[in-house]
Amino acid sequence: MNKGIYSIENTRQLAKNTFLTRLAGDTSAFCAPGQFINIALDGFFLRRPLSVCDWDGEGLTVIYKTVGKGTKALANLPAGTKLDVLTGLGNGFSVETSGLRPLLIGGGAGVPPLYGLAKRLIGKGARPVVILGFNTAEEVFFEKEFAALDCDVTVATVDGSYGKKGLVTDVLPQGTTYFYACGPEPMLKAVYDRADTSGQLSFERRMGCGFGACMGCTCRTKYGAKLICKDGPVLEKEAVVW
Amino acid sequence: MNKGIYSIENTRQLAKNTFLTRLAGDTSAFCAPGQFINIALDGFFLRRPLSVCDWDGEGLTVIYKTVGKGTKALANLPAGTKLDVLTGLGNGFSVETSGLRPLLIGGGAGVPPLYGLAKRLIGKGARPVVILGFNTAEEVFFEKEFAALDCDVTVATVDGSYGKKGLVTDVLPQGTTYFYACGPEPMLKAVYDRADTSGQLSFERRMGCGFGACMGCTCRTKYGAKLICKDGPVLEKEAVVW
Amino acid sequence: MVDLSVSLGGIRLQNPVIPASGTFGFGHEFASYYDLNRLGAVCLKGTTLHPRFGNETPRIAEAPAGMINAVGLQNPGVDAVLQKEVPALRKVYAGPVIANIGGFSVEEYAACCEKADRCPGIDIIELNISCPNVHGGGMSFGASAKDAETVVKAVRKACRKPLFVKLSPNVTDIAEIARACEAAGADGISLINTLLAMRIDITKRKPVLANVTGGLSGPAVFPVALRMVWQVYKAVNIPIMGMGGVSCAEDAVEMLLAGATAVQVGAAGLKNPFACLEIIDGLPPLMEKLGVTKLSDLVGAAHQSY
Amino acid sequence: MVDLSVSLGGIRLQNPVIPASGTFGFGHEFASYYDLNRLGAVCLKGTTLHPRFGNETPRIAEAPAGMINAVGLQNPGVDAVLQKEVPALRKVYAGPVIANIGGFSVEEYAACCEKADRCPGIDIIELNISCPNVHGGGMSFGASAKDAETVVKAVRKACRKPLFVKLSPNVTDIAEIARACEAAGADGISLINTLLAMRIDITKRKPVLANVTGGLSGPAVFPVALRMVWQVYKAVNIPIMGMGGVSCAEDAVEMLLAGATAVQVGAAGLKNPFACLEIIDGLPPLMEKLGVTKLSDLVGAAHQSY
């Protein structure tokens, strides 16, 4: 965990109600994709947790849906705005167990952390298969970016307005070695139920702190109560209890 | 009363802990010097009341001491910041009864509204005598500005580090036709006690609204309870009860 | 077209948004700001049998996301209110008027309400039982179910208009007090009044308010107010006017979902004189987003699964 | 050099700043953030006789200038706390440790406190009487002076270490309850716990928290907490740990002036993991500005003219 002041370099809209913001600042606290940051916003008491989409030596990107007042405020902040951010939170995905053909399954606002994950999997020689699920065409984002990494990408939309029609679980491929999933809980559950390999799932909880101090984000697991902000957000499939 | 969005054109420091801010925006609600504005600041519930120092068709100036968190925040806002402001509040000074040689007495943060008043008195042919009181040399401001209006200006400092040594009441001139006073309440009381003409005094109260809705700013007067924000901030000497 | 109307003790309001007592004077002072007839109702400044200057100043202190007031029921007395203020309001406003009545003894409450009851310009009486009870040792009538019952019973006898009792939040069990008011004949409950609070000036080392303590209101109290509306909705069968921190259309809807039939807006309207209007204007688009055509369908709707 | 030290029930604290129970785990988890020995004391997560999972999630909701939690005393039980957590803390921290004890019956409280009392790693016991009283119909022990007295008396017999009783603010008369605790043998009073509150998700039309209601804390409650500290300081002669919204050195001083000997910092430390440290570092320059050399001189100083 690091607490620092980060500067908004730019924010651009990727899709309906979906924005990408690049923050400049220290990224030394990150050690794994799937970790998250927690952003303080003027006028809101609680910080807003967002998965890091990607990071490098100079900064990081987050991608977020504007679902409420906080994310809307964030999307409207001008470049140059300074933000108080906690970085390097949570455990993140482990790339050790992926095998050569890992399956990455993202739903909506769960897509962003898979990008940083895909990069790192490729870095260690894997060739990820990526499935991105959205409700409808105008919400689709980052298909090209994953393709540019040379991933094998399939997009599914619930209403069929783009890519394959259906849920991510309707388009699961064969022959993958492991899975990583991030998205709404019903999607995670469906993936868990259908998965024929081991894997990791990234969860969300309302958070009071983001660094293990409040016990607000507790989750039952096979190994007892765990904190999504500290022991998670990524849980091994084997640990998950529905 | 007008509610509008005003843009900070610039802020400059005039003296120790004393700043001048020019706000661009509609000034049609002002009808008299000594009226005030009420500024909403991010992070503070109550607005901050400040007397208008001067105004023209394009905007207005305020001068304020940074006494607490709100005024400090205001002084630090960059040019271009948009502020939600109520303007044209209060009754202001009446210039009708001034005579030809009105005396203007300002103490510290009470000096600003006298500037707009002096201008308007001069506009109707009077020649104001101005006494400005401060604690010490480094707090002195606006002596030159009053002089540039061709007022007869005396500065007094409590510690004698600038101008005459003493309180404003130690340097009261003879032969003035009327008085206008704005400053800390002990100063107003001293001026009231020593005045040999009629006059007007501008008061301060903690305000819940600034436009007559909350009865937070009540003041006893000879004519019953009055609201400093609406019936004031300026009271006729004859109305004042100590 | 969405339907914003609600009904309070048999009185129809075109919308549920009402400036809260003590934060809108006697209404007519603000007729130049906007057409008061846009409001759901107007609630008058707390009125007592005799004129009151109120507390000494400072009466106002700042708080995080809120404000503290210790006005102390400054008002010209019920006779002046009924003879001057209500007629002045009636010249510019035709909708429902709520008189807010304070008092320091049962007799005083009853006498004051009786006068308000007889005034044709007044539609609803809101009994503010948060004032200190001089005969009961200084705790407010709203501090115990027994005292609340006593005063409401007496007032009920003195007035036939819809009677709302405004409760203090500074109690252990708000539901019990609301039930006592209902049993004593109240037609509705208003809540919450302000939370007892204070600030100290650290430089002067003394309380900011001349009165030492005052009442906290504004956004800071919203979650407490909402909880109390929720509890009282479960406890009684009479309508609720919900207040405490309501500042935008979303807050108003949250209050309705908790069980309020109408909302009053206090502190928000002191910060922004157009707050009530903006809330009213914000309701139709919000209802559209939420898929609601009749606002009153939302009243208490969050209780459905509880 | 200014003197920040204060004394709590005979225990010397090098400064009055303490992370509040439930917002700092068992302390040792944060040893990598900064040297815990900078703190005035450490207050442990609320501990019960038996392990508890707590409430279902969501347990957290946002509020204006604050947050609502409904954690529900998740903890591994007193035995695990004393055998694992306290030793782990003692490896990295040498200052005073406050155990915060919850319970659902008098016997449970007494048994749990007795264990904590015997643990050499613990210096002060803070009895949290805000938990629902299973034998008394669900109201908390802190909701009435009688219940508070009963539980404090029983616990007093079971423990010799300094005993602070942590009061619930959701009561009509906090001073009466504090007096009952003092009479029953408490060495000090901690206040406030959280204000009962809730939020509703207007899209889903249901409460945000799985538990429906939760406790409001953070800056929003500061003026209410300050008022209660003020009232309790007048009512009792034992020291007070003040808390509720303390977020900066100025707030800490305001609490001291109202009558607190030390302050606990909860929500502010959840938002900013370094809040306690920043408050401690902010005290000396603030004291200089205020012309104070001994911080403890400020305790209750605002009462002088009242």
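Going by the order they are written in, the chains are A, B, C and D; count residues from 1 in each one.
In this text, a residue touches a chain if its C-beta (ideal position, glycine included) is under 8 Å from a C-beta of that chain, and two chains touch if they have at least 3 such contacts.
Predicted, not measured: the structure shown is a model, and the values here were computed from it.
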Check your understanding: Which chain's centre, taken as the mean of its Cα atoms, is farthest from the centre of chain D?
Key -> B
Revision key, fill the gap. Here the gap between chain A and chain B, centre to centre from mean Cα coordinates and rounded to Å, is 55
Exercise for review: Find the geometric centre of each of chain A and chain C from their Cα atoms only, then give the gap between the two centres in Å, rounded to an integer.
Suggested key: 46
Review point. Centre to centre, by mean C-alpha position, how many angstrom separate chain C and chain D?
Key: 33
Check your understanding: For chain D, which residues are shared contacts with two or more other chains?
Key -> 61, 63-66, 218-219
Revision key, fill the gap. Expected list for chain B, residues touching two or more other chains, is none
Study note, to complete from the structure: Among line, ring, star, complete and other, the chain contact graph is ring
Study note, to complete from the structure: The chain pairs that touch are A-B, A-D, B-C, C-D
**Study point:** List of chain A residues in touch with chain B within their complex
**Key:** 42-43
**Study point:** Complex contacts: residues of chain A adjacent to chain D
**Key:** 1, 3, 40, 44-47, 84, 86, 205-209, 211-220, 225
Check your understanding: Quick one: in the complex, what on chain D touches chain A?
Key -> 22-25, 29-30, 33, 45, 53-54, 57-67, 69, 71, 74, 208, 218-219, 267, 269-274
Review point. How about chain C: which of its residues touch chain D in the complex?
Key: 61, 63-66, 68, 139, 143-144, 170-173, 195-200, 202-203, 205-207, 212-213, 216, 218-224, 226-227, 230, 245, 250, 253-254, 257-258, 290, 298, 301-302, 304-306
